[in-house]
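A short worksheet on the structure shown next.
Chain naming follows the written order as A, B and C, and within any one chain the residues start at number 1.
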Amino acid sequence: MNDRFNLYRFASPATFYPLAGRMIPWFAAAAVLFGLAGLYLGMLVAPTDFQQGEGYRIIFIHVPTSWMSMFIYLVMAFWAAIGLAFNTRLSGMMAQALAPTGALMAFLSLWTGALWGKPMWGAWWVWDARLTSELILLFLYIGYMALVAAIDDPRRADKAGGVLLLVGVVNVPIIYFSVKWWNTLHQGSSVNLTKSSMAETMLWGMLLMALSFWMYSIAVALTRARTLMLERERHTDWVKAELAETQR
Amino acid sequence: MLEADNLECVRGERRLFAGLSFTLEGGELLYLQGRNGAGKTSLLRMLIGLLPPEAGEIRWQGEAIHRQADAFRAELCYLGHLNAIKEELTPLENLLASAHLAGESLSEDDALDALEQVGLAGREDLACKYLSQGQKRRVSLARLVKEQRALWVLDEPFVALDVAAVDWLAGLISAHLQRGGLAVMTTHQPVAIPAGTVRELRIG
Amino acid sequence: MFKIITSVIARDLKLAMRRQADIVSALFFFIIVVSLFPLGIGPEPDLLRKLAPGVLWVAALLATMLSLPRMFADDHRDGTLEQLALAPHPLGMVITGKVIAHWLVSGLPLAMIAPVLGIQFDLSSDALLVLTGAILLGTPALSGIGAIGAALTLGLRGGGVLLSLLVLPLYIPVLIFGAGAVDATVSGLGGEGHLSLLAAMTLAAIGFAPWASAAALKIALE
């Protein structure tokens, strides 16, 4: 199977490990640069909101983390599908490496949502459709991580986690729309977070912050994937050679 | 014809065996031998298609088993080290249920006849939880009496059987081989199978 | 092809009948949980009527969770699950049979007892009817989605708790539309829309879940 297709070469941990090692600093640097630019636009350039004052500036964290939390789940499902279809070792590790970052993004999104909600709605938590969906997404991340952690055999963990991710990704839109419908039935439409009259600088700020979080997620996930590779393949020759290299 | 081609088995972090190949023709019995943990049961589970091999391929009648899943399983009879009987059901119900679930039509008379042959006459209507270990094993083995499938895969079939039952089972396997059937089994106690060609394979 | 489904249902029902205590205890769990709410909240009929759909549905979800871990675990322990996986039929068909059997012994009794519990919450006869219909329509989806969780957690340490962690978030749409149907009837809007969505979810779950469970079971059996 390994030499049927050229891409399989990159799916082999021995090839991917050094490649990832070379890529990480670049993604980390990009995360810092985009982050600085985004924060500059968001904190200093973007105008003060006439309704919400300075407090609204937390959306420069809140919105990008929400986007990333959903995007990372999709990427994990993509790796899961690849892993189940082609039985590649790398895919499961990538999905596992992404999970904690995705959960962190969902958590940050909820946390900043609460911080923003207090001055806006006068409550830390409201059962807004988006917040509720985000909470359920966090549950899905936690469920995935708990399942993978409970299985000792890494291959079985990868595959079982992959099935769960695919089931989850089919369900996410159903959950989202049912929560949205539930919300409109019970509360009427809540405050619209993304006003159409958003200033252009604000949009740019958010996009830059989203790029920064994206690059950060890649850098962190690759680092975690490298650790997973070393741990799982610790009996193979390439890992022994790699470790001998670093000790010298 | 059952062919194993260059099989490799990895469990957890250990490579149990690699480069394992054999060919088994009709009328032949393959004895798997090896110490505990050598991978005998893993090999059996590969042969029945429950455990995908790390490398290599298993072919039945010339075609890989994972490409003909249903057709291959229709010619396969597997007895694991677990009895695969329900404690709440009677021996008769167990036998009928397992035949139906395997997609076979077994008449009640045939089932009663099979139970009589394994020495469970008079116990047909007693829930299996009241039977002894050896008797439960016999309920499980009763499946083989009317079994016409070509490939038998047996994991430690002689465990928990008394001397008479061991002879009876050896006779049953001989009859299967004489019909042109194939059998693969693991066992710790060497048992003489009167008919057919017996081959041995040592793992690990 | 469909004979395998009926064979599996017949076997599982026979086993369930030999072990009626399991069905009865899940049912009493449902009754007790629902009866605890008025004690915690207070006996005001208006409040209870408003809470009834949610309380009954959440209790139904929890009662379903109770019986899920055993869906495959017993068969796994005595080796019959291997034999089912080796049957010359697609494993998804076998699991469809198991899902239907699970619903017959867990979801159906809940739907039968739900109207009686609804009376405790002062629901009108219309609302009781919709409640029963919603539980009848929604619980097969719970059995189907639950089968995926049961297969994924088969043989794991702490499988029961893990199972609820995996499955309960996926139950949310069923909860929303199940309780929503009763809610809409109580408030006079009519619950037909909710009921048809529930039916759609159940159909999707029954069609899709057994194959996902089959993939998960094959992984667990390796």
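Everything that follows uses one rule, which is that a residue touches a chain if its C-beta (ideal position, glycine included) is under 8 Å from a C-beta of that chain, and two chains touch if they have at least 3 such contacts.
Just so it is clear, the structure is predicted and the values come from calculations on it, not from any experiment.
Participant: By the touch rule set out at the top, what is the minimum number of steps from chain A to chain C?
Facilitator: 1
Participant: Closest chain to the overall C-alpha centroid, by per-chain C-alpha centroid: which is it?
Facilitator: So the chain nearest the centre of the shown protein is C.
Participant: Starting from the mean Cα coordinates of chain A and chain C, work out the distance between those two points in Å.
Facilitator: 32
Participant: Can you check how far apart chain A and chain B are, centre to centre, with Cα atoms defining each centre and the answer in Å?
Facilitator: Centre-to-centre distance between chain A and chain B: 48 Å.
Participant: Centre to centre, by mean C-alpha position, how many angstrom separate chain B and chain C?
Facilitator: About 37 Å separates the centre of chain B from that of chain C.
Participant: Which positions in chain C are in touch with at least two other chains?
Facilitator: Counting only residues that touch two or more other chains, chain C contributes 222.
Participant: Going by the contact rule already set, what residues in chain A reach two or more other chains?
Facilitator: none
Participant: Please output the residues of chain B touching chain C within their complex, sorted ascending.
Facilitator: Contact set of chain B toward chain C: 45, 48-52, 70-71, 73-74, 76, 78, 80-89, 93, 97-98, 100-103, 127.
Participant: Touching chain C in the complex: which residues of chain A?
Facilitator: Against chain C, chain A makes touches at 84, 136, 139-140, 142-143, 146-147, 150-151, 155-156, 159-160, 163-164, 166-168, 170-171, 174-175, 178-179, 181-182, 185.
Participant: Tell me, which parts of chain C touch chain A in their complex?
Facilitator: Of all residues in chain C, those touching chain A are 148, 152-153, 156-159, 162, 165-166, 168-170, 172-173, 176-177, 180, 183-184, 201, 208, 212, 215-216, 219-220, 222.
Participant: For the complex, give me every residue of chain C touching chain B.
Facilitator: Residues in contact with chain B: 3-4, 7-8, 10-11, 14-15, 18-19, 77-80, 82-90, 94, 218, 221-222.
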